[in-house]
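Here the structure is laid out as structure tokens; the discussion comes afterwards.
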Amino acid sequence: MTSAANDLRDTLTRLGVQPEWVDTGQVTRSPVDGSRAGALAAATPEAVEDAIAMATDAFSAWRRVPAPRRGELVRLLGEELRIAKDDLARLVTLEAGKITSEGLGEVQEMIDVCDFAVGLSRQLYGLTLPSERPGHHMRETWQPLGPVAVITAFNFPVAVWAWNAALALVCGDPVIWKPSDKTSLVALAVQAVFDKAAARFGEDAPAGLCQVVIGGAEVGQALARDPRIPLVSATGSTRMGKAVAVDVAGRLGRSLLELGGNNAMILTETADLDMAVRAIAFSAVGTCGQRCTSLRRLLVHEDVAEGLIARLKAAYETLPVGDPREAGTLVGPLIDEAAVDAVQAALKQAVAEGGEVITGGQRLDRDGAYVRPAIVQMPEQSAIVRHETFGPILYVLTWRELDQAIAMQNAVPQGLSSCIFTDRLREAEQFLSAWGSDCGIANVNIGPSGAEIGGAFGGEKDTGGGRESGSDAWKAYMRRQTQTVNFSTSLPLAQGVRFDV
Amino acid sequence: MTSAANDLRDTLTRLGVQPEWVDTGQVTRSPVDGSRAGALAAATPEAVEDAIAMATDAFSAWRRVPAPRRGELVRLLGEELRIAKDDLARLVTLEAGKITSEGLGEVQEMIDVCDFAVGLSRQLYGLTLPSERPGHHMRETWQPLGPVAVITAFNFPVAVWAWNAALALVCGDPVIWKPSDKTSLVALAVQAVFDKAAARFGEDAPAGLCQVVIGGAEVGQALARDPRIPLVSATGSTRMGKAVAVDVAGRLGRSLLELGGNNAMILTETADLDMAVRAIAFSAVGTCGQRCTSLRRLLVHEDVAEGLIARLKAAYETLPVGDPREAGTLVGPLIDEAAVDAVQAALKQAVAEGGEVITGGQRLDRDGAYVRPAIVQMPEQSAIVRHETFGPILYVLTWRELDQAIAMQNAVPQGLSSCIFTDRLREAEQFLSAWGSDCGIANVNIGPSGAEIGGAFGGEKDTGGGRESGSDAWKAYMRRQTQTVNFSTSLPLAQGVRFDV
Amino acid sequence: MTSAANDLRDTLTRLGVQPEWVDTGQVTRSPVDGSRAGALAAATPEAVEDAIAMATDAFSAWRRVPAPRRGELVRLLGEELRIAKDDLARLVTLEAGKITSEGLGEVQEMIDVCDFAVGLSRQLYGLTLPSERPGHHMRETWQPLGPVAVITAFNFPVAVWAWNAALALVCGDPVIWKPSDKTSLVALAVQAVFDKAAARFGEDAPAGLCQVVIGGAEVGQALARDPRIPLVSATGSTRMGKAVAVDVAGRLGRSLLELGGNNAMILTETADLDMAVRAIAFSAVGTCGQRCTSLRRLLVHEDVAEGLIARLKAAYETLPVGDPREAGTLVGPLIDEAAVDAVQAALKQAVAEGGEVITGGQRLDRDGAYVRPAIVQMPEQSAIVRHETFGPILYVLTWRELDQAIAMQNAVPQGLSSCIFTDRLREAEQFLSAWGSDCGIANVNIGPSGAEIGGAFGGEKDTGGGRESGSDAWKAYMRRQTQTVNFSTSLPLAQGVRFDV
Amino acid sequence: MTSAANDLRDTLTRLGVQPEWVDTGQVTRSPVDGSRAGALAAATPEAVEDAIAMATDAFSAWRRVPAPRRGELVRLLGEELRIAKDDLARLVTLEAGKITSEGLGEVQEMIDVCDFAVGLSRQLYGLTLPSERPGHHMRETWQPLGPVAVITAFNFPVAVWAWNAALALVCGDPVIWKPSDKTSLVALAVQAVFDKAAARFGEDAPAGLCQVVIGGAEVGQALARDPRIPLVSATGSTRMGKAVAVDVAGRLGRSLLELGGNNAMILTETADLDMAVRAIAFSAVGTCGQRCTSLRRLLVHEDVAEGLIARLKAAYETLPVGDPREAGTLVGPLIDEAAVDAVQAALKQAVAEGGEVITGGQRLDRDGAYVRPAIVQMPEQSAIVRHETFGPILYVLTWRELDQAIAMQNAVPQGLSSCIFTDRLREAEQFLSAWGSDCGIANVNIGPSGAEIGGAFGGEKDTGGGRESGSDAWKAYMRRQTQTVNFSTSLPLAQGVRFDV
């Protein structure tokens, strides 16, 4: 098989993308085989300033374009994504290391959210509501907000942009995208696809409507601190998210944060074990355990733990780990060497905290950042278990009463995704109740990973509280205006206040 | 008339409130006549810690009480507020200096929001929605969030608590209230009223469901930084708001901010001047110009400026300024001496920036913090005009084209309230369009002040972005959970991803 | 105990109601002991005409009263109902035969829906939505509809009026109520309570806002055919409902129909039998089996049928049947002699169709229309089982596969309420799925009876399709208006049509 | 130019449609030149029965297909409509006589509603809501309804089907379409386009999902009376609508009716006359006055009437009337000879009632059903003015006070569309208020015709009350289910009822 670097360059060429390679800069090295695709220059402060100024100008024009017409641009984007689907998926595989099916799924998610946003473009519903004052009409209208900065992580290098951009565009907002510096190339490719859609759409799409700025934390910080950007949507680590949150709060801007998860499955005696084993494997090792929704904690009723662990061990030991481009591979590489080190450090700490490694954890003897997925049985929810390590480590713990299991599930700083496997109605509904899971996502008989775009996606606590994609997540991209029109000839005051000059 | 301090103590006694007076502490001095009602001790760090711990415990119980039953508590609170209305209004007058009608209006607003929240207690609607996977059900459910800290300002010493508390309570959240240290007594009175409602409600209301902690910025900061408080709702200055926002962001909590406004009226040639004069007077001098929605900038079409200013001058010069308890008084005192100084400093700066004081600004020669409301004609929107001075100063500026007027209206850091007076449809609708007012509140033929509780209240930019009261403002007090239930016997993945172990 | 007739008259007197007794007319005879309370004259055609004319006039005024103010009237109505609760409940018991607890529950339901409607009075949300045309605003507004005729049945002699009236009033609609001719007196009492609320409310409430017209089918028909009544809300038998529907359709009016139910419970092997027995007893014999949501068909998994039937038989045989005023009574009388005859005819037919009467069916040897509740095991879902007999007969049938049970549940003409008792998640969710119950109400581990006012109440097929009470049921009482405002200076056409004169 | 009949046949061939021509049957004669395209057999009762049976079977399968997947079929339908747009528009022109731009606009509307429905397929939102009972969850879910009969009129021969079908399909409902017998051929062509989309979609689309049945009133009646069809959506005359409504009501089915309009424009002194003249011309003569939203009544303030009429007369007399295929034609033919006769009879009656024909009304001396659009000044709103004549007649009346104009606007039996031209805010808002227009559509500074698909379309009174297309019109195609799940171990009753067995 050709080197990932060559493959990357060929795919970019097919998409008409010609990166401006530089000698020194952000090096893109494919996790698939460690080959070096090239280096890109990070955006200078001047370039970031230019991008923000362009977006600000674009906003003045774009907010006046009727929303259904804005939706037409997103529809065309969806068409162009359908055309470019295979190539974009290939880039996801090469740059982020995801297996082919996941790469395709990620582009499909971009397409789905475009379709959804097209429908939204004729909705964006505010309210009409009755006034307490005679001859008055009240309305709540959602107005375009302004330029949106979108900071994305390597693990969903394109879908998260699409979640944000599809909504922002129909809402009337330009987008400035700072992708992870580990996945800049696929971002450039997506920009090229967008440019095709915009060209078909015509001159109603102003220059600077969607832009990419390449760079690291300093570029993100410049965006976070700029008062011309009313919304910063950032996906990544909790550490990064707090920094963004504080920067944005300091200027009273709005943050939409999708940060770390430490997602658990509660497995009860009545769980369908065949389904559970499949769900666990996909959730814990898919994307090599680098999804924010990856399963990290398996909380098993003690009566079924032994059998389940045995089945999982067997399943794990036959997992095909390797080049994500190859058919049949289910586990590709981690994103880079540092990630491999972090996984191995975590396993070491787990053992130190009393854990037993049931299987996995070995680094593979080949180019690229490969490890075998690990299962670790833990005596209690110790420090390493409460910490999110971005890799394929599954901690297994046991419980006796459901209340206890739910308390364990909730006793971590993160609050993204959660699930229960049970066929008992009472258990499922308790898990979904006000005293059940404290996460933003709660699934029953589904792993924690793999959300549909129709629901709102995001979580609580250290996950940052943001919501993207479906439901009324679009409201984050607009400003709400409460309007009252007096068409009478008098001037009554609310709450019966009298003030007669 | 009896001294305000005696009046305060008598009213508290009627409500059954016995403050723990201390020798040194936060002194309550009535702005009505400067008389000293007594001093209260600020809450110690230990007391704040206790309050948070109690609220946390209360949350565990309260979230399990069905929301319609929680609504019953708020209904009883509304009944008790109706009973205590006159006394509470009197306290508002005595402690905050508002005239009687405004004091009553403020308590009415508490009652209104209780009625509204009772209805909400059977709504709090989430969504059911279709899954893309066969045999799956999707739901979005809103769950109770946790203890809410409510930090309020002196100018709406009780209504803002009610906006927050009525919603928080039906949403399942306990409330810890830190009132302004200038209006602690009426807060204690409201707590007593709440306690009566809770006693009638019975044991389903846990101890610590609503608490008051007295104190200044250090108490506010302790609340803002505590991770057990998922939501901090703060009303006050932009400076205070930024500090809270950064503290809360640093722990990835949620802020609901209602900060400064610098509210304008655009007055066109077709405005109904009789109505406009009344609206201007009420909006600019009501609450002695100390509402966050007070009118501060009057942007008049140049063809009607002269006549309007003359009418306003005449109206201003007959405004009855004085003891807010007296029938007929329309303008009571400012909150304290510092406010008087700030008003006079602002007038001085305005003159330095080219302004002409048309009328007003004089301090009254009597006890209490009284000034005459001022009108200042300004040559342009200079620094002092873009600054929010909390007092009865109205800056008047002129314009020629509506686009220009809207640009002026938007060219301040704050984004709370705004209005236009016109009888031209096109002007009104442009003002309400995506390229019109950038404020959270936009009125037509109504002053910027005096919102109904049915609409969402709040603003953009330096106003902080929060929304309270009506519409779906309740969502700030809950956490959203996206739930997917698989009731099939297979395990399809979203976006068609395949992962066959 | 005093005769029910005397009791009725005394209670009316306490409420200040003085019916105009006539010699011949609609006789009110209490089902409690058959005693004759008096006779009322049915409304003449001229009286009906007057009522409609008054309601039409009232509409012109009432629609201009702001909805939150209309809500205040409903709030006062709720207060007056709280005051009159015991007496109204007593009248329900005396005139309709319901036990005391049910009578009180029915009045509580009136109160609940008033509280709910008060909240609605600041909502009644329409939409603002984006236009595809530049410089256009789109809005959907809900406007008052006009006079509403409410035709109610004897079994919920007051709650159904309140469901309709509370919503209609906040929506801006006058109400003309034709109660069942079997329960006219309590209707007059409710009208008196309303009048008290209206008097407190003051002159904003026009004359004729709520009216009662006494009479039988001919009065109902006059209302159904009158084009000045845009909405006829009718509760009763399917036969009556079809007649109303056709009359209203013939003039293109709107019907809101709540007709018969033939409600089943599916009971699976994992059902909690203790709960199920209680639920069955309450659902099947509460209100002596005369609720539209009464349980009529018990579909039991064959493995648990025998034991369950034995338990039910035992429970039924100890049910206290008797004077509904007495503490301890759980089963009161049927509404009249004809109802007793109908129950006994149904039992006879059931036996003819192969059924076995397990217990009950005997008429009690005392004054009033009393029978013992019956359980009948049926070999199949024969004609009598598919028919709604308004009385305490429970047909028991068995099944083997859940698909079969759901098919049986759906294989009747009616579609009101349904339930399943199970602790298996898959069974519950299938029952609630698109291929589950075809009813308007579907409960899990709750009997079919006893809805909360927060949900929409009503059913499909022969049940008539109407929805009352919660959710967006209020929309039936308003007309929707799609508004588009062009504030630009050009005139674009939708869908890009060109038409240049 | 080729004969319309040949053109029709050629276009059908291009679309792959081969009608089964018969010797005697429903003759299709193009209104463009009267040429005979052929005759089709009406569906026999057996064929209708087969269609209903197939649709019933299709429903069992289709309701189980996840809604977002159903949306994918509609997305493909949108793609196929884009491909076939020109040909379908041509058929609309040839069979219904609409000018080319309107034919294209109609197909664009089909496409728009498909895009909108795709978005809906992930929404179809029900509610989650709080129960008053502990340990209970409440939900309102919208379920598929069943086969929908769609009866359409000649004047929107394809768009109305699309409004219904796009929504019905995503809602889970099969569709049986009975087009007007005057426009059967384009219906067959649309069916062919649908079949292409279904073939691409694959086997999830069951046979019989969308069907066309050709025929007249007897076929419509068979559909209206069949209990297997829960919803009949019918567009056409009020006479037809009443018949359908009564038939459907007699079996307690659901009707969605879009019937006649008698749409007015109120024109005030401040109206922009340039815009108004264009709007009047398009609204009154577009589609040769055969839209249900056509402008029929022009209510002009008396001060501007004379000038306006003169301008309209001039504009009318230069209107290009002729073959709708020709570029430049703005007015095509009426649908048939009977329509010409009806127009001329109406003009005669108008004169008899005191009217003066300002211009137009002459039949053109050429093949096809052509008349010149007419303006008739009327002394009052006499019988002919209150009647909907389906053709290009515009009645002009004058008024002095706005209240009077609104009363005139409302004083007709129909309630579809309405508009006002004014630049006065108070007038516009009054028109949009609860005491303004009584129509389902109310426009400001737009003619009554030409709705966007994002709003709900339909009207009140004799217009039938149905709503189609945008907003929550989709709810008509589903059944609502209120679900309550008890996951506690006790069995509380609503409203606090006690019933302890």
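Observations, loosely collected:
Going by the order they are written in, the chains are A, B, C and D; count residues from 1 in each one.
Everything that follows uses one rule, which is that contacts are C-beta pairs under 8 Å (C-beta built on N, C-alpha and C of every residue); 3 or more make two chains touch, one makes a residue touch a chain.
None of these values were measured; they are calculated from a predicted model.
Remark: among chain pairs C-D and B-D, C-D carries the greater number of C-beta contacts. Of all chains, the one whose mean C-alpha position sits at the greatest distance from that of chain D is B.
Separating the CA-averaged centres of chain B and chain C is a span of 43 Å.
Rounded to whole angstrom units, the spacing between the C-alpha centres of chain C and chain D is 35.
Separating the centre of chain B from that of chain D, both taken as means of CA atoms, is a distance of 48 Å. Counting partners per residue, chain B has 64, 68, 112, 122-123, 127, 129-133, 136-137, 139-141, 425-426, 428, 432-433, 444-445, 452-454, 470, 485, 487, 489 as the residues that reach two or more other chains. On chain C, the positions that touch chain D within their shared complex are 60, 63-64, 101-102, 104-106, 108-109, 112, 127, 129-133, 136, 138-141, 143-144, 172, 230, 238, 241-242, 245-246, 248-252, 254-255, 257, 259, 272, 275, 277-279, 281-282, 286, 315, 319, 330, 428, 432-435, 437-446, 450-457, 460-465, 467, 470-471, 479-487, 489-491, 493-501.
For chain C in complex with chain B, the touching residues are 68, 71, 75, 112, 115-120, 122-123, 135, 137, 425-426, 428-430, 432-433, 452-454, 470, 485, 487, 489. By the touch rule above, chain D contacts chain B in their complex via residues 64-69, 121-134, 136-137, 139-142, 422-426, 428, 444-445.
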